[in-house]
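Below, chain A partners chain B and then partners chain C, in two separate complexes.
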Partner chain A sequence: MIGLFEEFLSSYGNVVDLCLLNILLAYGVWLALSGNMFTLGTGGFMALGAYSSVFFTTQTGMPFSFAVLIGGLLAGGAALIIGLPVLRLRGDYFMLATFAFTEVVRVIALNWESVTGGAIGIVGIPRYTETWQLALLAIAAVYFAYALRHSHFGRSIAAIRQDDVMSQTMGINVLAHRLTLFGASAFVCGIAGAMAAHLNFFIGPTDFGLLRSVDALSYPILGGFNALLGPLVGAIFTTLLPEFLRFSNQWREILMGLLVILVVLYLPGGAMSLLQSDRLARIFRRRLIERHSIEQRAES
Partner chain B sequence: MLELQDVTSGYGTVPAISNINISVPQGACVCLIGANGAGKTTTLLTISGLVRAFSGHIKIDGVDHTTMSADRIVRGGVSLVPEGRRVIASMSVEDNLLIGAYVRKNGPEIANDMRAVYNRFPRLFERRRHYAGSLSGGEQQMLAIGRALMARPKLLLLDEPSMGLAPHVVREIFETIQEINRQGTTILLVEQNARKALSIANYGYVLEKGRIAAEGPTEQLRNTDTVRDAYLGMGQAIESTSQAALG
Partner chain C sequence: MRSTLATILLAASGLFMGTIVQAKDVKVGIVQSTSGGSAALYGIMQKNAAELAIAEINASGALGDIKLVGIHQDDAGDRGQTVNIFQRLISQEKVKAIFGPTLTNSAFAADPLAQRAKVPVIASSNTAPGVTAMGDFIFRTCATEPMVFPGVLDYVIKKRAPKTSAQIYGIDDMLMKTAYDVHKKALEKAGIKIVATETFQKGDVDYSAQLTKIKAANPDIVVIGGLAEETANIVRQARQLGIPASTIMLGANAAISTKLHDLAGPAAEGFLVGSGWFIGYDSPKNKAFVEAYRAKYNTNPDTFAAQAYAAVYVFADALKRAGGADDPVKLRDAIAATKDLDTSLGKISFDASREPVLSAKVLELKDGKFVLVSGD
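After this line comes the complex of A and B, so read on.
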């Protein structure tokens, strides 16, 4: 049994690691989304965590765990600084501002050659990230999301998400709540970036661009934002799908896009709404009723 | 308790109310009546810090609230029940009430007040586990008032509590408001239903185009021509306009 498990890990280890990493990222983005913040800053925050942690482990010989923590804190700190002006923006403007942040980080990474290696990136990063560490972080993220939903703070952010003016009339400091969430989201993304850097042997400026931010945003949305396990399902689904579609290289991207459209069209609450709502139950019930009426007609 | 001194306020650069003076004494029930767009809601939003005053001063118990943030004003004992029964539809009735007590920390006292709200509105107790969005209009208004009470306000600001409700529900809501006032909470009530508002308040202000057109104790105000003609619908103005329409 254990032998089987080891065999599985050795051939699919990369995919498992990637899934766990993306789960972490999905919950990071979920934090921001739960405060109505459609962030495209994920790539930028990951880059901050990745580059800084690599700098500390390779240049100063700092222990890996400290470097990861510092990467997360740096990303979180950056979020608090840019958050103060940016969080006053709404909807599309907030999205654009966070996208601009990701671009600024990318351009800095491209030009600050002494630290980031410029366009070539940093090669030969020691592989410190272990699968169990990623699993632990992913579990911690799910638990944190669970605890948050059932806390006083969680209730307040649910109120803010629905109606922020009304929340203010109940004495909730909306800006402080959203800033905290944005900072926490960036912290998680920074940690994910640091873990990713020490998993991949190589990092470059293109790893953390717009595409990464959009991908991360799609995990909780596809999986179902309202369900606790929605981001997890979305992350696993989106990570595994390209692997399953490997049989046809040209069709892969097209099929992937098609599936995303189908989910958005028919399951607007995300994949988890299949389990949550009575959608399936309703379909079955309709079948039953149809069969029942057919039988009755046959009898009469 | 509440003093508005020469308050001018509005949106962007356009003032919606100008040089308003309002005074609400401790324990009173004061109403603010006026037509659509007269600036009633703006006045309440300015008092609760959701809209910033351009000039003038707002004082509560002698403390200047003019530039205070909205959440600190709630902590200072002023709660607003906003227009249109804004409850949190996706949360249960009980969670809505709990979030109303957001600014308070004392658990047992909160539980006590929750019981008091349920006693006041037995319908809410029956439906405490239901989603707030599934309540009827009147129940949602009760929930909105109950939620504001959970913050234990000294001053309760009510914006159009009768809006869109059936007459018997309106009667019930107004009885409740009167009772809350009798139990010691100061009330500033904004209403389009002037007759109802004047019947429960002890002092009234009439707002027209952002200015105070008339004020006085409600028995007096009810008998002035401007109020009778324009807001109670039993004076000459109504007759002459209907004649004009017929003619």
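After this line comes the complex of A and C, so read on.
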């Protein structure tokens, strides 16, 4: 049994690692999303964690665990600093501001050659990241999400998500709650970045751009934002999909796009809503209600 | 739910099942991006050329009863997927060599796995420095900028004796950044003064600000570190802005493309570039390659295709000398010992750091075509 497991890991070890890493990232983004913060800053926070941890492990000989922690803290700290002005922005403007942050980090990484290697990136990074560490972090992320949902803080967040003006009048400090969440989200993303940097020997500025941020956003959204395991399912689904579709060659991107569209169209609650037994009935019912209300509106 | 899971698992095991092989078959991996944006432009050509070479070698019977079996996998230009593929090809398919990957970034992430498993990798498009330094099982057949640019500069020096130069390059592209470093070093070594250095970013289409500054510095030559499209735009706009034809434009290896003339038109006349290969290269092996490629794929091969094609021939030749693929160290040694093998690129050998030794060809764009002006 153990032999079989080892054989599996030698062929698919990296797939497992990427799944776990993306799960971590998915919960990082989920934290921000749960406060209605549609963040595109993930790539920037990952880059902070990645570059700083690599700097510390390769240049100062710091132990890996400390370097990862510092990477996370730096990303979290950056989020607190940019969060204060940026969190006063809402919706599209918040998204644009976080996108700008990711771009700024990318441009700095491109130009600060002595530390980041510029466009060439950093080659020959020692591989410290182990599968069990990633698994542990992923489990911790899920547990943290679980605990959060059942805490007072979590309930306040849920209220903010429903209506932030109302929450404020009820005595919830909306800005403080959002800032904490944004910082925590960046902390997790920074840790994920540090782990990613020590996984595959190499990092470059293109690894942490807009694409990475959008990918990370899609995990919790595809998997199901409201379910505890939604981000996990979304991350695994999105990571495995290209592997399963590899046989289809050029068709692959089209198939992937199609699947994503189908999920968004027919499972607006994410893939996790598949597990709810009366889902079909509910979708059907919702359709009826929608049509009904549209008709009513048309009549009035 | 349980039945869905079972179906998925079943489907997965079916997809991942190995190819059935005969006793004397030697499996080789071809890891080239055939999807995923611009990486596919380079990947598809290399995949085609490698498969063409494998088919030819098998048909010729040159390897006796050994048959090469190419397994192509698409990494979509995504580094994580390249590593996934390398793991599977090495552990499950037990390939004896890997051709690729398309992108240098992917090589830095995936090649160490092959090195550890003692599976030779022969790259045909990873031109950045440090690729073969990853280990003694990593080879490449692609001419790198340091191999081709000095020849181009020598030619210009002989012809025009330039005193001053300007440089313009893509600062956010790994390939162009390294090309810039090579150009700068060569210019300094030749004692040519660099009077202006300008940069641009991917996706830029208007270079007039940078070119105006370069024009003001009035250099004898302009060295461009850009891909084909960028270089074409720069050359065209430079001439429009009035940089005279007496100022010679030199490009990076990656700028070689028929697109250059299509996009730049007559402005590109006299443009100089160095390469390990060009389509008009006059040798029987190359003519046969170009013809066979055209016949099979209805399109002209590019430099990367020629280098991928040569990589397979290098491997086949080594396989023959090593007497099979059972001993990976023996196979590696045989590849390293490749000496003056006649390929589509001309005679190829490897130096001590597993870099290709090729004749660098200096090409000039004349009447819309690259012609050889120096080199053999």
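The rule is short, and it goes like this: the second predicted complex is superposed on the first by the 278 of 300 C-alpha atoms of A that agree within 3 Å, B and C clash if a C-alpha of one lies under 4 Å from a C-alpha of the other, contacts with A are read in each partner's own complex, and residues count from 1 in each chain.
Everything below uses one rule, namely that a residue touches a chain if its C-beta (ideal position, glycine included) is under 8 Å from a C-beta of that chain, and two chains touch if they have at least 3 such contacts.
Keep in mind that this is a model prediction, so the values were computed, not measured.
When the shared chain is aligned, chain B comes close enough to touch A:Gln162, but chain C does not.
When the two structures are aligned on the shared chain, A:Asn173 is found in touch with chain B, with no touch to chain C.
In the superposition on chain A, A:Glu253 makes contact with chain C only, while chain B stays out of contact range. Taking chain A as the reference, the larger set of touched residues comes from C, when chain B and chain C are compared.
In the superposed model, A:Gly121 lies in contact with chain C only, and not with chain B.
Chain A meets chain B in the complex at residues 152, 155-156, 158-159, 162-163, 165-166, 168-174.
Within the complex formed with chain A, the residues of chain B that make contact are 48-50, 69-71, 74-75, 79-82, 86, 88-91, 95, 98-100, 102-103, 147-148, 151.
The touching residues of chain A, when paired with chain C in their complex, are 7, 10-15, 18, 110-111, 118-121, 123-124, 127, 200-202, 204-207, 242-244, 246-247, 249-250, 252-253, 275. The residues of chain C lying in touch with chain A in their complex are 1, 11-12, 15, 34-36, 73-74, 76, 78-81, 83-84, 87-88, 91-92, 105, 108-110, 112, 128, 130, 134, 171-174, 176-178.
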